[in-house]
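Two complexes follow with chain A in common, the first pairing it with chain B and the second with chain C.
Let's look at the complex of A and B:
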C-alpha cells in the first residue's frame, strides 16, 4: 500500500514536471511574420542558443554580457521597442520585430540574424513575446501610413534644414548631425542610462533601416524608451519628408541626391544661416 | 544461505563502481586541438552556441561570421571599436585518458628482446595523456581585413604553424569577392579541423588523407592545411558559397618541401568547392555541394652535386593526381546528417613510386583509384549535449599493381562519441568527451593516428584497431 502511494506520488511529480513547460508555453501568443507562424517552444531553444548571453534567461536584458555592453540589450519584459511602424506608446507589429531581428542593429552588438531561416526567426519572436504581459493585454498599434515620398529638390532640403533648426533637433544631434549637440551629454534612456543621439555624419546606416521610408517612420513613431519623441502630432507628412531630405545632406559617406543638391547650393550661398545660431 | 548485509555491501560496492565510472566518464575525455575561438565570443558577447552546433563545429550563423571574415557586419568589427584591453587570443588543449589497441601485430616471443621470433598478437596501451595545444590568434586588423595565426604543437610541445593568413573581405563592396593569402584550411565539405571527435582512430576523416598502400605521392590529403591563395564568395546567409584556391604543391609545408621532407616541384595545385543550401519544410537546412582537388607531385628531383655530395634541389617529373566528390548535409530538427563521397586518383608513377624519367612502366603497373565516403549523424540534445556517430569506408577500385589483391587497403571505421558542455557562455568553453572508435583495414594498418603497425601476413590479414578516449577539452 505504502509502495503504491509512493509510486503514485512519483508519477504525479513526473507528470507535473512534464506538464509544467506546457503550462509555461500556454502563454505562447504566437507570432506571424514573413508568411510564417512562430512556435514559442522552438523559439525558446533558439533563444537559449543565440540570445540569452545578452538578453538574459528571463528576457530582462540582464544576460551575462549586459554589464559590458553599451547600449544595453533590450529588456523584453517591458515590451518597449524603439524601431516600430506603430505610433508611440503602442506595441510593435510582429513584422517590425522580425525585421529588427533580421536587420540587426548597426553599431551595437546586436548582429544581423540573416543566417537564421524565416521560421527560426518567427519562432524566436514568439518566445520573446512571452516575456511581457503587455502582449496579452494589448494589441500592436496600427502601422502609420507612409505617404509617397515628395520630390528630392533643393526647396525640400532647405525647408527640412529650417525645421531641423526650428524644432531644435540640433540640440541633441548637433548642428552638423554629429550627435554632439549641447543636450547630448545629458540624455538618458528609460533605464536612466546615458544614451547618445545618432551621429548622422559618421553613420552610413540607420538602426531602423537604410531607406528614406525607414527614416520617415522614426519622425512619426518616435523611439520609445529614448528622448527621441514622435513628431506625428507636430509636423505634416510633407515636412517629415523635407526633414528626411535634409538629414541625407548630413551624411558625407552616403551618396544621395539631396546631398548633391545641398553641396551645389552651399557653394553659391556662403551666407546661409548657421544652424543653432539665433 | 543468504547474507543480506554482504549482499547489500556488494550492491553498494557495485553502485559505487557504477557511479565512479559514470563520474570518470563525465570528468575525463575529448578531441585533438581544433578550432573554436572564445576570443570572438568575448569580443561580441555571444555564447559559444551562437556560432557553434557545439564548439568547434560551426552552425550556419558561425559559417556566415567566418565567411564575412570574422565579422558581424554591424560596424563593430574593426578592433578600433573595441576596448584596448581586448586581445584576440585563445588556447585549447585536452587532458585525457586514452586506450589504443590493435590486433594482428608483430609481437616478440621474448618480451624485451628482438630475438626469439615473433607472433601475431594484440598490442594495447593505455594511460593519461595530453593532446597537443593550439594557441590561436584571430580577428580583424581593420574593417574588412581579417587574420588568423595558429601556432599548434603536438603533445611534446613541438610547434608548427597550423594556419597563418590574412584575408581581404568584401572586395569591390561585394561579399562574393574575398581573398585569403597564407596557410589555411581548404573549404572542405565538412571541416576536419572542427571535428567533434578526437580519439586516435576517430579524430580525423580517413577519406581526406587516404593514399593506397605503397603509394609514393607525398600529398598528405585535402584535410591538410595548404599554402596559397583562396578566392571565395557567399550570399548574405551563406546558403550559396564558392571557394577556389591555388596552392603550392607542398601539402602546406613551409620551406618548399613536401610532406616527405623532399623538395617540392615548382607547380601549383588547385581546389574548388561549391555549396548550395535550401530550407526544407518543417525541418531545417539542407546543403549539397561538390568539390575537387587537382594537383601534381614530383617523381624525381633535380639534383646538384658539390664535393661528391648530391643534393636534391627541386622536384621534377611532376605527375598528376586528384580527389573529387560530392556532399549532402541535412539539419533535420535535432538531427544533423552529413554525407561526403570522395573519389581518388593517383597517376601510375606516383602510385608505384617510379620516377617518370625511368622509361615505360613495367607491365602490371598502373594508376591507382579508390572510392570512399562517410556518413555522420549528430543528435543535438541541446546546445550543451551532442551525441555523434560516424561510419566511414574506403574501397580500392583499381590497385596500382595488378598483382595486388583488390581489397588491399580497404578500410572501415566506426566512431561514436558523447560530448557534453557543462556550461555555455561567452568567455570560455569546456567539453567532457567520451569516445570509442574502431577501424578495420584490409591487409595493412589503417593510416590514421591510432596505434598499429603493418601486420605480419601482409597482404592477407586484416587489422582491427580501436581507441577509447575520455577527455576534458577546454578552450579559453
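Let's look at the complex of A and C:
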C-alpha cells in the first residue's frame, strides 16, 4: 500500500516536471483559425520538415534556399506581414496567416500547402508566432470591413480612373498599369532590396487572391514592409469600389464587365484625359 | 505623551515640506553646447526633382540632400542632443508635435519628440505623398496622403530613431527622434543647442547624427548653465 502511494507520488512529480512547461508554452503562443487551436510543439516539427529550407531555422527568412529566391522568404522575427485584413501597422489575424498558408503566394516560391491538413496548418502557425515578441505584446488589428460591392457601371469606372490619377497610383503602377511608373525603378522593400510594383497588364491573379474583395483589401490595408501604402483613412468604401472597377479595366487577360464598359466608352471618347498628365 | 505627539507631527510636517520642495518643477539648469566635425564630410548633392515639376519649382536654388548638413566653423546641423541617463521618467506632453511636407521635402528634417507624444503629419503639397516610417522597435506602417487629405495622427510607443521616407518621391528622407526624456534639443544652422529646465544632477548627454552615430558625455548640472561640446570625425563617403 505504502509503496503504491510513493509510486503514484513519483509519477505525479514526473508529470508536473515534464508536462507543465509544455502546457505553459502552448498557452503562451497559441493560434486559432478555421475553428481549430494550434499547438506550437507540433508546429515546430512540421516547420522543421516543410518550412525551414526557405524561412530558416530561426524564422528569419534566411534558410539555405533564400539566396536564390525573389521575393525573399518572409522574416518572421519582425512580424511584418503583407497580406492582412487588418490596418497598416497592426498584426494580422491568425486567420489571415492561415489563409496565406492555405492559398500560397501567387507567382512566388511559396506554394499552396496541400500536404498539410487544417490542424497541421494551425500548429505551424502557432510555432511561427514564437519567432517575434510582437505577438506577446500586441494584439492583431481589427479587420477592415469590406462592404457589399457597388454595381459595375461606367460612372464607377470613370471615377475610379480619376482616383488612380489623383492618388498617384500611376507613379508606381504606371499609366497603363504595367508597373512602369516614374517611381517604379527606385522602390525597395523592408530589407532594402529592389521590389517591383504589381503589373496589372500582365498579371491575372494577385499575390494574395484574385477576387474583387482581395483587390479592395490590398489597397485599404496596404502591404506592410513594401512601398504600397494604406488608403483606408482617405478613401470611402464607395470610392474604393470605383477604384477596384477601374483597376479591372487594366487587365486584358481577366474578363470583367468593367473592362467591357471601359472599352466601349474609350471608343466613343478618344479625347479622354490621359493619366499622369497635368 | 504630548511631547511625543508634537514631535511626531513636526516630523510629518517636515517630511511633507521636503516632498513638496522636491516635487516642485525644477527651474534653473541648462545644458548648452556646439556640435562640430573634423575631417571632410560628404558633399550634399542637389536633388533632381524633375519627375515632380510642381515641387522642383519651389526650390531656387535647387534643394540639397540633408544627411550631413554643415554650417560655419565646421558646425553640424540636425544633431539631436538629449539626456540619455540620469533623468527621471516623465509623462509625455499632450501637446502634439507637427511634421510637414513642403515642396517634396520633410520639415524639419529631424523631428524630436517624446515616446507616446501625439504626432501630426501635414502635407501642403499639390501632389500625393505616402508616409512610410521604418522603425525596428515600434510597428512599421505606411499611409497614403494625397493633396488636401487631413493630417495623419500617430504616436510612437518606444524610444527609437525612426527613418521616414516617401516611396513616390525617393529623395524625401527624414527622421523621428523618439526619446524617453523631455530634455532634448536639435542643433541649429550654427551647430548650437540648448537643453532647458534641467534639474541639478549628474547626467549622461548623448548626441546623435544620422550618418555618424552617437556619442556620450558625462555632465553635472548645478544652478547655472553646463556646457558640453561634441565633435564628430567626418568621412567623405
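Criterion: the second predicted complex is superposed on the first by the 249 of 278 C-alpha atoms of A that agree within 3 Å, B and C clash if a C-alpha of one lies under 4 Å from a C-alpha of the other, contacts with A are read in each partner's own complex, and residues count from 1 in each chain.
One rule holds in what follows: contacts are C-beta pairs under 8 Å (C-beta built on N, C-alpha and C of every residue); 3 or more make two chains touch, one makes a residue touch a chain.
These numbers were taken from a predicted model, which means no experiment stands behind them.
A.B. asks: Under the superposition described at the top, does placing chain B and chain C together on chain A give a clash or a fit?
C.D. replies: fit
A.B. asks: Looking at the overlay, what does A:172 touch: chain B (first), chain C (second), both, or neither?
C.D. replies: Only chain C is touched by A:172; chain B is not.
A.B. asks: In the superposed arrangement, does A:65 touch chain B (first), chain C (second), both or neither?
C.D. replies: A:65 sits against chain B, while chain C stays out of touch.
A.B. asks: Go through the superposed model and pick first if A:54 touches only chain B, second if only chain C, both, or neither.
C.D. replies: First partner only, chain B.
A.B. asks: Looking at the overlay, does A:261 come into contact with chain B only (first), chain C only (second), both, or neither?
C.D. replies: neither
A.B. asks: Classify the contacts of A:190 with the two partner chains as first (chain B alone), second (chain C alone), both, or neither.
C.D. replies: After superposition on chain A, A:190 lies in contact with chain C alone.
A.B. asks: I want to verify one number: the closest Cα approach of chain B to chain C after the superposition, in Å.
C.D. replies: In this superposition, no C-alpha atom of chain B lies closer than 27 Å to one of chain C.
A.B. asks: Could you please specify the touching residues of chain A with respect to chain B in the complex?
C.D. replies: Those in contact with chain B are residues 45, 48-50, 52-54, 64-65, 68-69, 104-119, 203-205.
A.B. asks: Quick check on the complex: what are the chain A residues that touch chain C?
C.D. replies: Those residues of chain A that touch chain C are 80, 88-90, 134, 138, 166-168, 171-172, 182-183, 186-187, 190, 222, 224-231, 233-234, 278.
A.B. asks: In the complex formed with chain A, which residues of chain C make contact?
C.D. replies: Checking each residue of chain C against chain A gives 51, 53, 127-128, 130-132, 134, 139-147, 149-150, 152, 167-170.
A.B. asks: Considering the complex alone, what residue numbers of chain B touch chain A?
C.D. replies: 44-47, 49-50, 60-61, 63-64, 72-76, 236-238, 279, 284-285, 382-383, 425-426
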